[in-house]
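In what comes next, chain A is part of two complexes: it sits with chain B in the first one and with chain C in the second one.
For the complex of A and B:
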C-alpha cells in the first residue's frame, strides 16, 4: 500500500514537472513583448527596460526557468501584470467559488447519474433504458454554454425563479443557494449524462457475472443483489471515468462561469487571455495542472476504498 | 509452402487495397445494421452537410448584409429565424456558419485521426520502451483539460481557421493514439502477423497492410464521436471570443452576440444553439450506435 502511494506520488511529481516545463516555454514563446503589452507602444525604452527587470525578463532563460520552478514550489507565482497583486492571491480568492461549483455539480451528477444508469441497465432494451440512453446522449451533446444559455432563458428570464447574474458572494445561505443553483444544475446535468452511461455499461457487465446468478439462485431479493452485490463492483469504472472527465468538467465550468457571470477560475483565465496577462496565465496553468494531478491521485487511491481486492501493485 | 507466394502474387497492390477497403466498409455496414439509430444520426448529419455545401444557393440573404431598418426583428415570414443587431438574417448566418463548423471539425479530426493512429500504431506495434515513453507523453497531454489547452493555443497563435484546426487537432491526438494502441497490441500477436514476420515482411507493411485494416473500424467510429467534440470545442472557443474573426458567421460567435441581447431578442441565441445541438447529437447518435455494434465485449448479446 505504502509502495503504491509512493509510486503514484512519484508519477504525479513527474507529470507536474513535465507540464510546468511545457507551461514555462509556452508562455515564453507567446508572440509580443509583455513589457510593451503592459505599458503600450508609446512607452520609453527606459521604462520598458525597468519593467522587464522588475518582471525578471532580463535574465537568461535557464535562470528564469529555475526561478519559475522554485517560485511555484514556495508559492511565489509572480505578480499579475494587470492588477499588480500576487497571482496566487488572485487565484486563491476565486478558487473556492470554482471548487464549490464543481463539487456541487459532481454530487448532483452522481445522485442523478448512478441510479438512472443502474435502472437503465436493469431494464435493458425496455422503454426506461431507451429514454435513459437517448437522454444521456442528448446531455453530453450540449456544449456547456448552450445548455447554460437555455437554462438562463427559461428559468431566469421566462420564469424569473433565479437571478440572471449570480454574484457568487451572497451573504446568507439562501442567497448562495440561489446563486449556485442554475450553474450547478447546468454542470451537474452534463456530468449526470456521462455518469449514467458509464454506470449503465459497468452494471451490464457486472449483471452477467456468475456470482449474480448464484445470488439469484439462492433466492436473494433482486433489489438486494443490485444494490449490495452489483453496485459496489460497478463503481470502479465509474470512479475512474469521473476522474477522467475532470478535464471536461473544468472546461465546462469555464463556460458556465462566463454565462452566469460567476467569479471563478474560468472568468479569471478569460480575463488574463484578453489582457495578455502572462504571469496570470502561467499561474492559471499551474493551478489547473495541480488540480488535475491531485484528482488523478485521489482517483487512484479511491479504488482501494471501493475494492479491497486491489493490491496496489 | 507455395501458398503464401501464390496469394501475394495474385493480390496485386491495387487488388489488395480494394479487398482491404471492402472489408473495412463491410464491417462498418454490419455495425450500422446492428444498431439502427446510427442510420438516423448519419441521415441528419448528411442533411446538415448538404445544407452547408449548398448554403450559397439556399440561404435567403447574404449573411453579411446589414440593414439598419431590420435590426433585431423577431422571426417572421421574411426572416424565419429573425434578424440580429446589425439587421443580418439569422437563418442565412446559421447556414453559412455550418460551413465553418464543419470545415474546422472535419479538418482537425482528420489530422488528429491520422497522426494519433500512427502514434498509437507505432507504440503498440513496437511495445517496450518506445511504448512507455510515447504513452507517458500522451497521458501528460491527456491530463490537461482540452478546452484550456485549445484556449491557450488559439490565444497564442491568433484566431484563424488554420490555427483553430491546429489547436483542436492537438487536443484530439492523444485519445486517438490510445484507441489505436489497444487493438494493435491485441492484433500483433495473432498468427497471421507471425506468418508475416516469417515471410520477412517489413514492419511498415505489417503495420499498414495487416494491422491497420483490423483496427480501422474502431478508429473511424471514434472519429465520428470526436468530430462531435471538435464542433463543440470550436463553438465554445468562438463563444469565449476566440473563434474565427467577425463578421464571418460562426455558431459560437452568434450565440455570443445573441447573449448580449438575450433579454429582448432571445431567438438570436436560441437558433444557433439548436443548430449546434442537432449536429453534435446526430454525430453522437451515429458514433455511439456504431461503437456498441463493434465493441467485442458486447458481441453476441442482442
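For the complex of A and C:
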C-alpha cells in the first residue's frame, strides 16, 4: 500500500511538472497583453513596454520559465500581475469556499443519487423507475447557470428564504448554511443525476448475479440483499464516477460561483483569464492539478475499502 | 420534539441577516474582484468608481456633473495663474485630514502626489503630466505648478480622477506595496476591509473637512453576473446597482417599486475607425460610402433611445470643444452605391473587422453589418476574446476597428488619442489612432497650446471638420452610463454625470427612510 501511494505520488510530481510546463507556454501563446489589461487602453506603447519590463515579460521565454519553475519548487508562486497580491495568498483565501461548495455538493449528490439509483433499479420499468430516469435526464440536461437563476428566482425572490448574494459576513452556522444552500443544491442535483444513472445501471447488473439469486432462494430479506450484498458490489462504478465528476464539478462551480456571487477558485480563474494574469493562472493550474491528482489517488484507495479483493501492488 | 427541532433549524437557516438599513449603503458593481486600489494605477471602471468616494483633488467637478465647466475648489481653496498661463499657484485648505493617523495634508503631500502621478514607473497616467515642468511647495500650504507649455485644461488634470487624486505621502511611504490594497485618501469615506471576490467596506470619515458623512458604511460588492445583480436589487439586498447599457435593462429595472434609474454622462462613444492605410479603405469614396450607408437613427432605436445618443462628431456631444458643425453623411443607400461604383466596386466590396466578443459592442457591430449589406458592403466580422481584440487592433491587424470609450470630457483627449498621427497604432507612442488619420494634426497641436479659449474652440472645431471630411472614422452612438438606486437614497444633489462613472456618494448622501 505504501509503495503504491509513493509510486502514485511520484507520477503526480511528473504530471504536475508536465501541466505546469504546458500551462506556462499556453498562457503566453494566447493573444492578449497583461500590460494592456493593467494599464488600460489609454497607455502609450512606451508605458506598456516599461510595465512589461517591470513584470519580467521582456526577458527570454526560457529565462521566465526557469524562474517560474524555480519559484514553484521553493513555494514562491509569484505575485499576481493584476492585483499585486501574492498568488498563494489570493488562492488560499478563496480555496476553502470552493472546497466547502464541492464537498457539500458531493454529499448532496451522493445522498440523493445513490438511493434513487437503487430504487430505480429495483423498480425497473415501473413508474418510480421512469420518474427517476426522466428526473436524472433533466438534471443532466440543465445548464448549471440556468438552474442557478431558476433557484434564485424561486427561493430568493418568490419565497425569500435565501439571500441572492452571499452575505460574506457569515460567521455563524446559520449564515453559512444560508449562503451555501442554493449553490450546493444547484451543483448537488446535477451530481445526483449522474450518480443516479450510474448507480441504477451498476445495480441492475448486480441484481442479475447468481449470488443474488442464491440469497433470494435462501429466503434472506430483500432489503438485506439490496443494502448489504448488492450495494457494496455496485459501488465501484459509482465511486469512479464521483472521482471523474469532480473535474466537471469544478467546471460547473465557475458558473455557480458567479451566479450566486460566492468567492472561489472559479471566479478567480475567470478574472485571471480575462486579464491575462499569467502568474495567477499558473498558480491556479498547480492547485487544479493537485486536486485532480489527489482525488484520483483517493478514488483508487477507496476501491480497496469497498472491495477487499482489490490489492495494491 | 420534532417540531421544536424543525423550528430551531428553520430559525437558524432563515434568521434574517438583512443588512442594516438607514446608514449602510450596499452597492452592486459589475465585476468579479477589486484590482489595484492605488488611484494612480487603477484604470478599470470597477476600481475608479470606488476610489471616487475616498479621495480628493486640488479641485473637483461639482458632484453630479461631469463637465469641466463645473470645476470648483476641493483641497485648494483658491488658485491664480500667470498671464502666460504657464505658472499656477494653489492655496490649500488647512483642515484636510488624511484617513487614519497620517496627519493633515500640506503642500509637501500635494507635491509628492503630483510627482508620483507624473512618474511613469509608478503611474498609469504619467503621460497626462508630461507638460509639467516643476511642482514645488512654495509655502506650507501653497503649491506652484510650472508648465513647459500650455495645455488644454490644467485644472482638469487636478480633479480627483486618475492622477489628480491626492495621496498622503506618509501613508504611501509607510505602507509601501500594501498601499495598493489599503488606499489612504482624504475623502468622505475611508477604506476599512477587503473580502476577496466579495466586497470592499468603506466607513465614514469623521474628520472629513466638509462634515461627517451621514452614511456610515458602504459595502461595495463585486457581482459579476448581471442577472444576479438585478435580482439582488429586486430582493432589496442591494441599494444601488451598476446597470447594463440596454433599453431592456432600463425598462425592467424601472418596474421594481421604489427605484430611481439614472442616466449619466460621460457617454461611451462608439466609433467605427476606418484604416486608411489598407485598401480599399485608402480610397475616400469607399469610406464615404460606408458613412452614407450607416443609419444612426436606426442604431439609436436598436440600442434604445433612453440609453443612447446619435453621434455626429468624433468628439462626444457635451464635451468641451464639441461641435456639430461638421460634414455629415445622411443615410442614403443610393449615394453609397454610387460612390462604390465610382471607386471601381460596382458589385460591392468586402471589408474585414476583428471584433471583441463583448455582447454590447458586438450587437452594435452586427447592426452596422446589416446596414452596410444594403449598400453592397460586406463587413466580415471576426470575433475574438476581448483581451485578444485589444492586442490585435493595436498591431494594426484590422481594416475596421469598432471602439467604444469614455474619456475626460475635453475635445483634446479624443482628438489626440484617436486622430493625431503621433498616436497611430504600430508607432512607439501609439495610443488608439486605428485609422492612421493625420488630417488635423496641426489644429490639434495648436489647440493644445492656445491660451485664448475662443481660438482654442475654433481649432478643435476645425480639427473635427477635417477628420469628418477625410472620413477617418464614422461616429455611431454614445452609450450613457446607467445606474439605479432606491428612491429612499438621497445623494444630496441632482446627478447628471460623473467622471469616475460612479454616482457621487458624498457627505450629503443619506437615506430618507
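Just so it is clear, the second predicted complex is superposed on the first by the 279 of 313 C-alpha atoms of A that agree within 3 Å, B and C clash if a C-alpha of one lies under 4 Å from a C-alpha of the other, contacts with A are read in each partner's own complex, and residues count from 1 in each chain.
Simple rule for what comes next: a contact is a pair of C-beta atoms (placed from the backbone, for glycine too) under 8 Å apart; a residue touches a chain by one contact, two chains touch by 3 or more.
Just so it is clear, the structure is predicted and the values come from calculations on it, not from any experiment.
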| item | value |
| --- | --- |
| Partner chain in contact with A:181 - chain B first, chain C second, else both or neither | second |
| First (chain B), second (chain C), both or neither touched by A:83 | second |
| Which superposed partner A:140 touches (first chain B, second chain C, both, neither) | first |
| Partner chain in contact with A:288 - chain B first, chain C second, else both or neither | first |
| Touched partner set for A:75, first chain B, second chain C, both or neither | neither |
| Partner chain(s) touched by A:60 [first = chain B, second = chain C, both, neither] | neither |
| Partner chain(s) touched by A:258 [first = chain B, second = chain C, both, neither] | both |
| Which superposed partner A:15 touches (first chain B, second chain C, both, neither) | first |
| If touched residues of chain A are counted for chain B and for chain C, the larger one | C |
| Which superposed partner A:47 touches (first chain B, second chain C, both, neither) | second |
| Contacts on chain A seen with chain B and repeated with chain C across the two complexes | 30-31, 149, 152-153, 157, 164, 258-259, 270, 274 |
| Residues of chain C touching chain A in the complex | 11-15, 17, 19, 28, 32-36, 41, 43-44, 120-121, 124-127, 177, 180-181, 195-199, 221-225, 227-228, 231-232, 234-235, 237-238, 384-388, 390-392, 394, 405, 407, 417, 427-432 |
| Chain A contact footprint on chain B (complex, rising order) | 139-140, 142-148, 151-152, 155-156, 228, 232, 235-236, 239-242, 252, 255, 259, 262-263, 266, 269-270, 273, 276-277, 280-281, 284-285, 288, 297 |
| Touching residues (chain side chain A, partner chain B) in the complex | 15, 18-19, 22, 26, 29-31, 137-138, 140-146, 149-150, 152-153, 157, 164, 205, 246-248, 250-252, 254-255, 258-259, 269-270, 273-274, 281, 285, 288-289, 292-293, 296 |
| Chain A residues within the chain C interface of the complex | 30-33, 36-47, 50, 54, 82-85, 90, 93-94, 149, 152-153, 156-157, 160-161, 163-170, 173-175, 177-178, 181, 258-264, 267-268, 270-271, 274-276 |
